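Going in written order, the chains are labelled A, B, C, D, E and F, and every chain counts its residues from 1.
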């Protein structure tokens, strides 16, 4: 049964500490000086020990997907001629997520649990141990378009905690967590979700062939620097590459690791024989954007993009996903008229 | 008999041209780009061909003394073991001078015609051929102290010409020049002389011995750069040095030349054996200033300085003759009280 | 959202602060009517964070403005930009769109002969003429102008440095032999003067034409002859290989200076490595060779007999590169 | 009439125009509250000719003021001078007398990390600290600060140049092996990075600590470690022998930077050739030898194990002197 | 939980060198593949790569590789008896059912031949010879010295049409008895091409594109043209994302696509 | 018009070398000088310089010079019979009338001796020996090898008091029989110095200054002390300005000044 309550700061911290004793808690944190530019901070997902450490009001630069899909992961080792799986186990882990990021999990699940008809065991094992706590959005951020993407609301969380002027409000959806909240007054607490996007977005209904040869991509080639930040910050990008890495202690028994890949950076589309068929930055962008807004959905029935807006925020060239979708819409509309 | 008249521009130029046919005319002229600093002009004495060339309103940087005492002058040549005087003759020359500069001629005369009891023949020959035309001052210039020095007024000129809003006014004192002015209406024309100095100056009555050791000269040593501009611009400085210079065509027959010297620049006070007893710039300054305001007068009965203010104008360090005199007065007054 | 390259081409910055920019204002030669300061203050206080930065190239940078305000800012600056640039003879099609280019950097100049006693010419006026010759243009180019060989503007670290010189004209009949010119030249410059038979001889091979002999002369025996320019080439700072500019053309007239400036962009446009966002001219010359550069930039110019063209060696040093 | 040296010591100029001066305003680091622009405009319009010059050292010069007005001008400027200098920690006994010294020139700085993405630190803040360390002082000294090794401020032509660097910290667990850092370092810097066994190795011997690997990394595998400073020594322009500054101290902390700046004047005061109006520090070091300089300016400073002190060779060139 | 990334060891039975840079490796394995499928082949240290199966045996498969990358150059260092790792088979092979009873044209360019070899050999088995009305194999190589599977081609010619062409014979010492020119230009030399024909294409994209055009001109139906795609793959099982083209993953949705599908796969 | 700058040629009659750097030249000339006066001596190319007359003959004069400048080094290249240019005599000499009948003390330092030599020789002429009550000559040199006019000094000592001292005898091989120490310190060794004494001083300014003090201490009246000045001169006739000290020109008002005048000539 759902429980709602308000807590003062001490109560909330006590509850949190008790939870943190039993779970690893990963949440947005403002890391001073960790920004790319000198004397700037980085808000990103980190393990936290207290509620006070959590940055509730800012969006994270990177998503939380590395909890489920570490940037680098040892898959197995070749031990004297046999492939031996490395069984890393993730302890039960709570991740504080916004609605869009909770929706992103469905994309990851589709890819790692369903696609090709077989589960990715590494992902699956972590996914089982992951619990979502909901972060409320302080109204839409400038770059958000979750309402357009249908990812602005969710019920798929165990606990919702909101900092208030004095203390915190909490909503416990998952009974397992009730015991951490033995105090507090019952009160109406419900997360507020974004109702409207700053700039609403409509996805194209049909992608015309004319789109692929459109001059817009050449323009984007001039702008996009193919740095891959849109991928590395995205909560739904899942591409990886695989590499054998010598063990430090035994060069005869390498480990096979997988490592995040990015369809924007070099060599992603390199064929054997060193031919890369997708070099123009605009083409790489088109490949990514169409995946996010149409291609993925054709296979899995839901759009890949959750409208979190991170790719807009992290792009050093201020290329906007929303503008790109708009451009695509325009081209397709024009194509449809002509065709 | 004195004749006064007003002329229109054409009449004046015609008269002037007729004079210039018979005389060399030297007058203040603004020479574009000839200033020491880039894109600055130099107002100085030059031979002029028309009245329009004359700069009536600005003070010249250099005085007109080089008409009588060229910067360099060949005195004689050694021709196969005999000294042969070089007889350069100056044509009859009119020089436009302000009252102070006309008074300066008395100083030059005292030195070159009287001192030591013998005439300097080179000077004397030129002096005979020189005629003064008076320039009126447009009120005192900032640096002038001719009234204090008693040099603001003069009657010692042949002709006075003043440019007016329309045409010129002229006063012919010397009958020889009446014939050049056969036209024009008789009118009252008289030069206006400065009546008051911007900063009046009083010369010290007695120079105390304490003056020579006073710390002020050390201060001046820090300021004065001993460049000699105060000498080279002064209408009454007359020091020269003498040098033998090989004739270009015959190195065995050098000419002996005299060349302006300056008590401020190096080697002026160098004794045989390379001992220079007056090195400190402040001491050089004191040597010069006392000459101008007291030492010369002791010998000749008139102060050497005519208060034209050029030494103030040309000093790159903005050292002021007037201030220096004031300083001397203060020291002497103090010395007199103590003594 | 924003086209950073288009923003930068309009002389705005991409700041480290997300969604922020900085306004940059060109001040050719660093000289400005004081009335513009009010506009600059207003920009800083209306759109920025209330501070201004005087840039390394004598322009202004107004930090803390919003990228969303750039259009409004351009309109706000239009009159000032037009005042400054059109006065240089630059043709601006629509000042209300802001600057049309940022590649050729602000032309720097020391204060020159409007104030400085050492300066051999009006650096501000030349800066404005060069601004007209090279702006607007998207290719990267840094030009500096210095009034005398003291090089207060650091022309030695510019692609092109213009050094003002003057031919000292000597009238021995005015010389009193005080040797002030000689002593100064010996102590501070190249000892180009000698004193024989009571007259100064100036050794053209050593004289830098700095004009200090003219400044030192108490009688005007030395006076100002032709204004000539030494054109330095190939200086740069940078991470890898800072190096000094060195004489490229000696005794150039102002026509030659301007002619070369006009030719520079054509050279750069012809030979630049298009794969690079900006390639500094020095690197392009390193690649094309000096002779190619020379023939390009001197094209159409008539050099008088006194004009000397030399190949700079550009001494500098290299931060070693891992092999 | 006027004591030119006293006037210049108060940072006013002696103009080529008789009886005129120019006001000079120090702007440490070139950064200024926009409100001061009104004072500067007022000065230019009340006392000057209505124009201002942005100097080669990021200050202001207001030309065309009368020497007779200098006292009034000083009083007029007092509040602004106090605002600017006292904010740096400079002790001014009587701002209404104008600047107390002009020997140590305005401390220059690029715009630094308040705006620029390449800058490794807050150059403006350091400029203000250095202003406090070296001003007021009559000995001639030029210091410049640049946020990164690109050296936009041209620290390479200063007596002392401070170059901001950063130690890149590498977390291989965040590296996706895109090699963006490596490609950039290879193309633009010193190729200090290599990629083996799917991880980056940074060669300390070649790394310039410019921090561009941090900027390029899309995952934050490279992040910002300690801020360290490269201190360049001995650059200068000038007529005779322009030469480049070169590394004197590598990996200095800000304490070391400030300590050295504080020690500079004592060195200069001890060894300067008193007979000269101003002797540039580079020439003094040429005379005293590097070791003397080093022991003077490092006195009282504790250098950590990473700090390297090297003797610069200062490449440059000499305009030949007539023998 | 099943680990879809680990592979089983397999012993190299024998190695055939076709050219300087192309070799076939026969591996002992119980992998049961159908024509058109591929396997993921690993060598510790070198890594893993998708490789087409060029021959299907009962207890073995062959793979044919060009020495162009890290994994393949590792393979080239192997000797018979050495072990490597292999997993698979992966992908959807050729639609054998569809071809049954019809006329099949196999067009391959260069090393693309390896991918269609099992298909040809499937039908050339004596027991299956009757299942097709007509089988023609058109193979193009760069030059005579680049010709692969020479003996096989000679052997096939006894039971089906075989045209081997080379782009050029220049710089070749060997005499050349086959065709000269692009393989596409030989399509018209093969008779009976029309609406009922099925065609299988493999090779460089440009070649495949031109071949499709030529076939369509001969009125071959678009849904009867089949193309085998080559793509970068890191997993082979639809997870790594590298082989995706629009909504299709070459590893699980291909590598064989009908032209009707393939023409949508613009990249 | 008379030209006061041109000079007449004069032949060098003979040359006496005193030391390495000091020589006397006897010149044939009709210049009639009195003790203390000087002449302007010219050498074409080298220029002109004021030189004290060190000996006055009926048809000749001698000049004694140290080789320290352009003109003097030119003189040193002359041989007897060569010609130079000379004009003069210039300046006001010693007030012989004033000394008559009194006691005269001549104090000279170094080459200053040349300037007073005609004065001493004036009174040592047999016909004039009676004109002074007492004559003493005190001469100081730097060291024995710097001593000038050795023979003359020896000769003079027969008719007047002569003290020759040297500052030091160090680095001298010659033995030295005279005094050692500054010449001023020998003033007290000469008797009869008092209010009636006239003194003539020539030599370095410091020496003259000290000598004046010593003489005043011996109650010599200030208006009876005479100093001979050395100055840079370019004309010798009161025009060039170089020798001016305050209102006096050494060339025309001196070179001999009474101490009463001289003490005002602060420079």
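Worth a mention:
Following the convention adopted for this analysis, contacts are C-beta pairs under 8 Å (C-beta built on N, C-alpha and C of every residue); 3 or more make two chains touch, one makes a residue touch a chain.
On a predicted model such as this, the values are computed, not experimentally measured, just so you know.
Counting steps between touching chains, the shortest path from subunit B to subunit E takes 3. With steps allowed only between chains in touch, the distance from subunit A over to subunit F comes to 3. Most remote from subunit F, judged by the distance between CA-atom centroids, is E. Sorting all chain pairs by how many C-beta pairs they have in contact places C-D at the top. Subunit C and subunit E have centres, each the mean of its CA atoms, that are 65 Å apart.
Centre-to-centre separation of subunit B and subunit D, using mean CA positions: 51 Å.
The mean-CA centres of subunit A and subunit B are about 92 angstrom from one another, to the nearest whole unit. For this pair, subunit E with subunit F, the centres built from the Cα atoms lie 124 Å apart. Residue positions of subunit D with contacts to 2 or more other chains are 14, 16, 113, 117, 119. Within subunit E, not a single residue touches two or more of the remaining chains. Multi-chain contact residues of subunit A, defined as those touching 2 or more other chains: 37-38, 241, 243, 246, 261.
All chain pairs that touch, listed by label, are A-C, A-D, A-E, B-C, B-D, B-F, C-D.
Interface of subunit C with subunit D (complex): residues 13-17, 22, 27, 30-35, 37-38, 40-41, 44-45, 48, 50-56, 58-63, 108, 110-111, 113-117, 119, 124, 148-157, 188-192, 194, 203, 205-206, 208, 210, 237-240, 242-244, 246, 313, 315-317, 319-323. Those residues of subunit B that touch subunit C in the complex are listed here as 33-39, 42, 44, 62, 70-72, 227-229, 231-232, 241, 243, 245-246, 257, 259-262, 265-266. Those residues of subunit A that touch subunit E in the complex are listed here as 75-76, 78, 81-83, 85, 111-112, 115-121, 124-125, 209, 212, 238-244, 246, 253-254, 256, 258, 261, 263, 268-274, 277-278, 287, 290-291, 294-296, 298-299. Within the complex, the subunit D residues that touch subunit B are 1-5, 14, 16, 18-19, 67.
Partner subunit D is touched in their complex by these residues of subunit B: 37-38, 40, 142, 222-223, 312-313, 316-320, 323.
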